[in-house]
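Here chain A shows up in two complexes: once beside chain B, once beside chain C.
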Partner chain A sequence: MAEEKKLFKVTIDGITIEVEPGTTILNAARQIGGEVTPPAMCYYSKLKNSGGKCRTCLVEVAAGSAADPRPMPKLVASCRTTVMDGMVVKNTTSDRVLDARQGVVEFLLINHPIDCPICDQAGECDLQDLSYAHGADASRFDFQKRTFIKHNLGPYIQLHMTRCIMCFRCVYVADQVTNKRVHGVLERGDHAEIATYIEKALDNDFIGNVIDVCPVGALTDRTFRFKSRVWFTKPVKAHRNCSKCCGKVHAWLRGDEVLRVTGRKDQWGEVEDWICNECRFERKNINDWIVEGPAEINRHSVISQGHYSGKVGTTKPAETFSKVMNGRQPNLLMNIHSVSGVNPPGLNLAALPGPAHSTDFVKKKEINDKPSPEVK
Partner chain B sequence: MESLTQRAKPVDRRPMNWLEKIYLWEIFKGMSITLKHFFKKKVTIQYPEQTRPFSPVFRGLHILNRDEEGRERCTACGLCAVACPAEAITMEAAERLPGEEDLYREEKYAARYEINMLRCIFCGLCEEACPKDAIYLSETFAPANYSRKSFIYAKDDLLIPDPVTNPEEYAKAKGLIDKKKNLKS
Partner chain C sequence: MGVKLLLDKAHIEGIRYYDAYRKNGGYTAVEKAFKTMNPEAIVEEVKKSGLRGRGGAGFPTGMKWSFIAKPEGIPRHLICNADESEPGTFKDRYLMEFIPHLLIEGLIISSYALGSNVTYIYIRGEYAWIPDILEQAIHEARANGWLGKNILGSGFDCEIYVHRGAGAYICGEETALIESLEGKRGNPRIKPPFPALKGVWDRPTVVNNVETLAAVVPVINIGGEAYAKIGVGRSAGTKLISACGNINKPGVYEIDMTISVEEFIYSDEYCGGIAKGKRLKACIPGGSSVPILPANLLLKTAKGETRYMNYESLSDGGFATGSMMGSGGFIVLDEDQCVVKHTYTLARFYRHESCGQCSPCREGTLWMDKILKNIETGKGKKTDIDLLWDVQRRIEGNTICPLGDAAAWPVAAAIRHFRDEFEWHVNHPQECLVRNFGLAHYADPREVVA
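Presenting the complex of A and B:
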């Protein structure tokens, strides 16, 4: 059948686009891009059946279709609702949607500890972005928040259940990317939690991807734990020959130290390709990787702070001083390492298997010629 | 020639009379101004015996705050460093070990925290950025020194006295912080 497919015409916030039948409103909006796109916390395009849980992507359907132009009575989850021909959708132009989204954010934050200062996800957290864009200034929740004890899922992944927003993405990753799932959601309602059955460690080769799909800091990389803030590290595109996965990653560097390895994320915060645990957790040496160049980071993101675009900073400029001065070395006024204890040449943070502790930091000898300031 | 301003006065070029020629009158006039200043309020103070009060918005040397139990408040979240326009602040975080709960307030803390006072411009943005009430700019000047080395202030130099071991010094420093806090609210 060489019949041409009929395209559906859908209008989102006044912008009309033709999409294939069966496309969801969210994906149609993503084809337009920009501010039209509703935020999504649980929907992940690479995971089948994901979506419909967090309700942040609610939109108003002002006209159901060309055949039946009545509006839908309630706001609909755009990740689960497929478009109809002649559908008119209101996202940011609808006050109802913005009000509902603010309510959803407030609900998501009810049990969230908001411990961003100690959370490793801060700076690339979907919930942080969402609450900045759509949340209210203050919470009206006066009661004790639900708390859990954090525990390790295997040697590499740490689960902070208190931060979880129950998006189910990690469960779908375990179901669809790895071939056996040993973790899931236990209990229900307010008590629901992601947990491993019978305390089984997750030892699948691709289980590290749950870190990438987690929209909050509930599942974090133990090898990166507390090493640095994401905005102090420099993301570069890197690759290596891996027998298990594509080997294409973002390496997050501090100098030449590979502090963290993640999958390459696109503009919607979704990984382009899953990477294996070996690439993610065990290749923390810059010599393991072939660095291609700096990763593209949205310039409004805090991660791009202090970073330059293009090739700047990827190659070290040649030292020309001694060449010009007939072999004389520059007379430096002060070597910062002689005073500073931060980032000492001897300590490689990336080589530590877990977070640094007080035992890893040796006290720097006191500098005696410093006068003590008087407190007036 | 047209004068440049409207306030220009033409110079009086008449020849001086006898009284003006002996200058005594002008000397008396000048001395009376001088003597009047003896009895006026002095605009200078005897520094360093006396000091002027600082303005409540004065931004001086940084201090790292502790809570009432003497635990460090800083969690090395890096917001002060990212806010710092002079890139003077560096830090390294560590995880609190069991048994260190009386030293650090949260599970993550700044194992190293340094402010390069040569770079610092005392803008106070670190104080504004801090979500943990941990860094404040005190009413103290950075002392002068001959060597660059002494201007890298580490945690030992920045932390306020411990209220448990050194309550008097802590109270002194605390009074200062509370003054600043009241000003903000």
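Presenting the complex of A and C:
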């Protein structure tokens, strides 16, 4: 009989949860969900060794563990710090954390073009969400931004390094999902860039996943570029029989047109399973897919606007008006038409040929052949 | 004359070569260690000596050694960090260039103590000529039976390899060094796990500075307790200081940590005073990344006590009024030096050397560099100084490795102590291009007393 595992008790922003040993603070916070979850720009739970780089998930550890309740002197990256039993973590309740996070967002944005109006990622961009939540209203950086020229990495993927925030996720994807990595980080410091050393195409059956993991619009789908804003497309769950991958995708539709195909993303914006290039780029006909139903999109996302009354928070509020009125008819408090000198009740504007002029109001008695209906 | 343990034989002709080194008492520490001590006893001896890491952080070496994990069947490694790239620090270069056998001897003893059969010297790429010297020394040591199989019949095998870096400051950080040694991009790893548990090729690893490992030789020779008696309190033993800047006698000096900063700068035995009879303005006592100190806080602490050249005294007053021992790169600035320009130079260095992995350091160092360039060239705004302060504050402590801190501290200290010089630059955009702020009111404390 298996011994029951001892669970670690961890308190994040005053909410206590029991998690398995070895869980990171970020994943413990994700189990709680909601506000206490630190944002993550570089951590990706499906990619080993990812995280620790963007520093947006910094949290304060107010007590290291029950055995050693000393606080940690520095803020720690919650995505790479494992919990201890009795650990007390402060995320949004710590001013230090919020200040540091604000700083990180500012740093990330100083060289980001903020070209959201022409960026395909807008609407589903982690950096956009992050800067709405933690950014300042104006930049204090008054220098020229770092720019790069765009590169086409093969027929499907375009790399626009100017937008990159160096999360390294695409490097890990190439390392862990594909069998050969041909792109990586060149140079160092502020001139570091993601690149194939001598311009090469990324041609691997699974390399398209770099588009899904990219938190910003640095790696975009060339088959979808400038086709549509993401919030004008409707994501549906779809699948097909694929010999290479799971074949389970989100198809983004406009009418019956498949504009783009991505992996199925969970509530943290992470794909559930990697999909192959064929599913992603080649299958753009609705007949290729078996549509299961609407995709679950966070109701705060711009994508969910008025599209569905689906499962996740997109249901319309219940009709409560008749209930509170208890059978009574709605009653206006005052009919302003009876007292207004500007728009006198005797004048039926709808009956006027053409736009109303001041003379119409003066001559009102002459035209007034049909009085406007009184509202009780 | 202070006690000399490392450079006591540096003047002997031919000490670079085995014969002269052996004739002058070389490799006796290896004999003593292998014949009379077991590895645990050596670690114990180093612990007793109170030897602290000479690379900058000052972590007790014996304690570091005792942390190394010893799982069955997995080899352990010792790495000598010779990636000495800190501006102003050149003590390891001197040691390796002129007395390479001292390092080799220290490495053999340390490898024995830690059970490292394969030991590496990771040397910075710019020291292009030193690997040859070290390899020559390793060859001589092997030829005389100090390296290789079954050293001195103890059954312990050890090989030392010299690995050249490619000229990155960041590879002086131990986890970045390990990555680089493995043949990867020199990006610092996220700790934990610490190298003592999972270092190079996921094996337990200890990374020590050149001087630390060389200091193991005198520790074994004279014994840990005798070594601990040299120096003051927790600053045991001797320290190499590489002095440079506006002094009469720049060079590498071995001090025993009991002398005062004033004596170190002005006595003829050491720096010999400020060059050309000028006055002292400021000093960076421990390599470019430690906070700069104005003359009045350098010679006396904020409490009015004399400041000494040791770990505790230099850091007295914290970062508000103190600094750090660091790696021992002692940079002296005289009255004609511009602190803004100096800070800009350092910021440019850190911007260039940031690995680009984590955002506060990558973007923050770039930003600081640009702001400082503006201030230095007379294009600064009044708000820039506060902005600079804010930027450094948000870098410090929020990065993966200490490079972010190292980039933030000099800027913070320069603004803290020399804010009026920054303001003068901003308020006199034309004048600052043609002349320096000078000593201003940071009068030389020696004159104030006189």
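Going forward, the second predicted complex is superposed on the first by the 306 of 376 C-alpha atoms of A that agree within 3 Å, B and C clash if a C-alpha of one lies under 4 Å from a C-alpha of the other, contacts with A are read in each partner's own complex, and residues count from 1 in each chain.
We adopt the following convention: a residue touches a chain if its C-beta (ideal position, glycine included) is under 8 Å from a C-beta of that chain, and two chains touch if they have at least 3 such contacts.
Note that the structure is predicted; figures quoted are calculated from it, not measured.
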item	value
Touching partner for A:Lys9 - first (chain B), second (chain C), both, neither	neither
Per-residue contact with chain A, leading partner among chain C and chain B	B
Contacts of A:Pro117 with chain B and chain C, given as first, second, both or neither	first
Which superposed partner A:Arg254 touches (first chain B, second chain C, both, neither)	neither
Which of chain B and chain C A:Pro355 touches, first, second, both or neither	first
Which superposed partner A:Asp190 touches (first chain B, second chain C, both, neither)	second
First, second, both or neither for A:Gly52, with chain B first and chain C second	second
First, second, both or neither for A:Lys265, with chain B first and chain C second	neither
Partner chain in contact with A:Lys227 - chain B first, chain C second, else both or neither	first
Complex interface listing, chain A residues touching chain B	115-118, 122, 225-229, 231-232, 302, 305-306, 333-334, 336, 338-343, 349, 354-361, 364, 366-367, 369-376
Contact set on chain C toward chain A in their complex	168, 170, 185, 190, 351-360, 362-367, 370, 387, 390, 393-395, 397-400
Residues of chain B defined as touching chain A within the complex	51, 54, 61, 75-79, 81-82, 87, 90-95, 97, 100, 106-108, 111-112, 114, 131-132, 138-143, 145, 147-150, 152, 154, 156-157, 169, 172-173, 176
Partner chain C, residues of chain A touching it in the complex	51-56, 58, 74-75, 77, 80, 99-100, 103-104, 106-108, 110-111, 140-141, 143, 146, 165-166, 168, 184-185, 187-192
